[in-house]
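Look for chain A in each of the two complexes below; its partner is chain B in the first and chain C in the second.
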Partner chain A sequence: MADFNITSSSADGMGPHGTKVGLLRVLGPAHVWALGVGIVLVGEYMGWNFAVGKGGAYAALIACWVAGILYTCVAMIDSEVTSTVAAAGGQYTQAKHIVGPLMAFNVGLYLVFAYTMLEAANAITAGYLISVVATMTGYEGTLDQRPFIILAILFLAWLNYRGVLATLTFNLVITAIAFAAIVVLFLSTSGVVGTGIMEHAALMEGQAALPYGWIGVLAAMHFGLWYYLGIEGTTQAAEEVRSPARALPFGTLAGIMTLLIAATLTWYVCSGVLPWEFLGDGVNGSVAPLFDTARLSGSNLLIWLLGIGTLFATLASANGCINDASRAWFSMGRDKYLPGWFGAVHPKYRTPYRSIVFLVPIALIFALGAPLDQVITFSILSGLLGYTFMPLNVILFRKKWPMGSIKRGYEHPFHPLPSIVLLAICAVTFFAVFLGYGTQLVAMIGFYIVVSLWFHFWRYRFVSRAAQFTMPWPKPKGY
Partner chain B sequence: MQTWNLIEYAAWGLSAVFGLFMVVDWLKTDTSYSEDVLTSSREGEIEAMTEEHHS
Partner chain C sequence: MAHYIPPKQSKIGQLIDVVVLVVLTVGALFVPLKLGLSGAAKVVTTPVESPTWETLGQNAAQAAKYEALGYTPETAHDLILARFDYSFTFGGLAAMIVVIVLYYFLMLKFSETEYREVIAEKFGQRGGK
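Then we have the complex of A and B:
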């Protein structure tokens, strides 16, 4: 056995706690932006339009902006807590420090499930997109999508395995192209450049305005999340950014601003061209609304650009999900919430390689064996449970470590208003999800209760009680 | 055989290459380094506090 000893704290960027091989601090704010926006942007290319099906185009716009408020609260809260809890694991690590072990275990599982399911959904979509390209290029048979689904997962897992800098630089490039494609589509079809093709007034008059009334607006909230789902993933980069106190708030807040712009532009161009009945049917109607809008523009350049944008957004999302799920799994292993074996770091590539490899077959099983809508619903529900935890987390954080007791990289304004707003919107969204997917919601909450019991009565005895807290925090107020 | 059939085979092949790379490297790494070294990572420090101490 070679003894790989880089005990210098300056050599590996880690603290002097016996770390010989740790994650590398090599990322900047742009990578944080690419991680957050990269995971989410696929939601603009497909998925959000189910909100139109639930309540019409106006309902989708209201859902877009209400969900935008929810995620702005998420981004602000995350920026404050993560700029202080600068460790891999994101919300899991926050819960561990601020709430307690059972909450941390649950939040860790929410994260891993939300990201792994989303990765599987993205791989399924990538396979489907390749089959569309095959048909468009004259292929007459039925293309086997499986090799492309598997290739997407294995290529991106390989990239993640080889190092975080290349992984997120790749994400930065493809995410920027996918975002630019939306802006170009808006400029080309809205009349800003050349002749516009927007027909909002005609497409949304009379019955088409709010076809199911205000209950339709409420139901649309479920898919309104799709515009932004995953921006909270920026926190997983906390242990790999050069300066967490600056890079995490900057990258996260720039990310949510980008998404608010992208979501609004997407709604505007798609609802101005596609009738709501077609736009709202994401299965038999408009599967990829931005791409369909480009097709109606009649410009081959736009068709290619949005086609590439759709594929890139899908790959960026899967890539970010692998990064985030593996960091959450790795952190839980490192603290022995899961077997400590998962807490290993590759001595050359400095990545949580065992966690990355372990999650590959799980993603493959879901990508090849589960229906897309179930996979997406499981992902959304796990994410929603995570958002419900965040306001409670930040309220406790401010209570235990009041302003001035610990230096924060970012202080979110108007506390506790964002927490209350976030909690209220989560409650509304739970109700909206219950309307459409009540069985899955109950089944999933049942699942988390069962694993919580397992953790409490069995797994907790293995947790590193004291060793899991190695950051030099002051004692919380009142302890 | 159509081009897309060849692309299908290429996708299978590339998937196998990426998968094999990870598995082989994983096994090689696990046998080359001690478990103590591989699992020695500890959570990161609080950057803001570090800055405060240094200033």
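Then we have the complex of A and C:
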């Protein structure tokens, strides 16, 4: 039997190794929304525009909506499994109970790398934004962005260390402001309020419409994921919400709806103001496209609002990423998939403090040492490997525990259609990644194969077999 | 099934495991970068001498936006003309498909073996509890 019960309804999440200190159950649906949207909304403020560079503005719009279908499937599938597997670690914990330990180890690493690299990308963008503000306010010369990158990561790690309620309440406020800034920019520039400045027809005339033809549309799917990458992170809050069965599906599905609106508005305002070559180059051109759109609006109010929105979005995302990566790392430590030292909960703040602290230098290595598009690509690749796992996971879940055999907080409709659609879109996205970043894809899978061998033949010996199965479920069908 | 009792890992052993993981992680990101294999670089295949907005293929609205952003035809030259190369070989594509399918196949196969062990210990063998 397990020496702790993570499904206890009468006590907080139980600590590892028989200790009674666990994570605090203090979060509500709004915090789940803030965690999911907070992580992702930065994708509207930066990064998505690489999709424009890969195929043009129309290709980026198609990628936005196809990726939206992918993430709707992810949200539906995740809501069912997570509302049932209500424990920290999210998809890692799901895989452990449904597929098996090696898959779980891989999924845990997907999560940690996707979030840690996204955190690094956020810090890079925050540093860039501060350098732009310095230039706009009269600073001459090149501002060293590194201190701001380091400070941003350290501040957010400290916040996470001190407690989850304050961390995600902070996220709720700054995410709401960042989302409102996008809506205000849309209303102010589209002609809904005042005079519009949109010039879609002129900016997408001739070869600018689909500069690479239809293969560019496929290629754009690579960065199309960036509009929504991270929404699945809501599952990491499973052990800290007061009512997992209610809060997780509600927060996750409300989150994906918010993001579909935000992504479409973002594409509309940016592609109607910025030429596609500038918009699509996120390194030498538009690093922060919504901010650049505000700059061209001629309104100082919008410039400040979108500047603040961009900064808040990067901070909210990095904040959520620290939360999620640390929960995944912590969960693997608690099960001894990683050294058990990481499975500790702070006796006062009730956070996975060792995991939070350990991942800080990892994020800094990526933020200070690699270019933005490479960091984003590695985050996307880890995410994509995770999304490919999800349909396999839910198909096995329904097979091993058919409907009615266990209580589900939410049952997603049309099964197995969402799984098939998700697998198909993942296949298209793998091809898109292959078109430009095939080497990284092979390097990433090579990495996962090597660490899998390391886990199976070495690390797994330290893992208790039955104790890692913590759900109060009956024996799976067929075993 | 006999209850498996895992060995206790020493502090040094735990530290070594963490170092191995970190080295592999950093290597996966930085080795392709250092070897110049990171790909996806855009190139200007047909540069334009003494560029103007017209020779760069920009209409009046597009040129006005570039000027508002602080560009001249000279400074915008590379930004406007650089393109990705999407040519690929079917051999390369087939290799990628094999790698991905093989990876998931191995994951599921090894996981299934480990999972059966977990279920057997947790619930007893088939026909047990």
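Quick notes on this one:
By our rule, the second predicted complex is superposed on the first by the 459 of 479 C-alpha atoms of A that agree within 3 Å, B and C clash if a C-alpha of one lies under 4 Å from a C-alpha of the other, contacts with A are read in each partner's own complex, and residues count from 1 in each chain.
The criterion applied here is as follows: contacts are C-beta pairs under 8 Å (C-beta built on N, C-alpha and C of every residue); 3 or more make two chains touch, one makes a residue touch a chain.
What you see is a predicted model; the values in this text were computed from it and never measured.
In the superposed model, A:Met471 lies in contact with chain B only, and not with chain C. Of the two partner chains placed around the shared chain by superposition, chain C is the only one that A:Arg459 touches, whereas chain B remains out of contact.
In the superposed model, A:Ala313 lies in contact with neither chain B nor chain C.
Residue contacts after overlaying the shared chain place A:Trp341 against chain B and chain C alike. In the overlay built on the shared chain, the residue A:Leu435 is in contact with chain C alone; chain B does not reach it. The larger set of touched chain A residues comes from C, when the choice is between chain B and chain C. When the two complexes are overlaid on their common chain A, residue A:Leu70 makes contact with neither chain B nor chain C. Applying the stated contact rule after C-alpha superposition, one finds that A:Trp158 touches chain B and leaves chain C untouched.
Overlap of the chain B and chain C interfaces on chain A comprises residues 340-341, 468.
Taken in their complex, chain B has these residues touching chain A: 2-5, 8-9, 11-12, 14-15, 18-19, 21-23, 25-26, 29, 32-49, 51-52. Those residues of chain A whose C-beta lies close enough to touch chain C in the complex are 53-54, 95, 99-104, 106, 113, 199, 202-203, 205-208, 211-212, 215-216, 219, 273-275, 277-278, 281, 284-285, 292, 295-296, 336, 338-341, 358, 362, 365-366, 369-370, 373-375, 377-378, 388-389, 392, 430-431, 434-452, 454, 456, 459-466, 468-469, 475-476, 479. Against chain B, the residues of chain A that register as touching in their complex are 1-5, 14-15, 17-23, 25, 83-89, 93, 134, 137, 139, 141, 143-144, 147-148, 150-151, 154-155, 157-158, 161, 238-239, 243-245, 331, 334, 340-341, 343-348, 353-354, 356-357, 360, 406-409, 468, 470-473. Taken in their complex, chain C has these residues touching chain A: 3-7, 9, 14-15, 17-18, 20-22, 24-33, 37-40, 42, 57-62, 65-66, 68-69, 71, 76, 78-80, 82-84, 86, 88, 92-93, 96, 99-100, 103-104, 106-108, 110-123, 126, 129.
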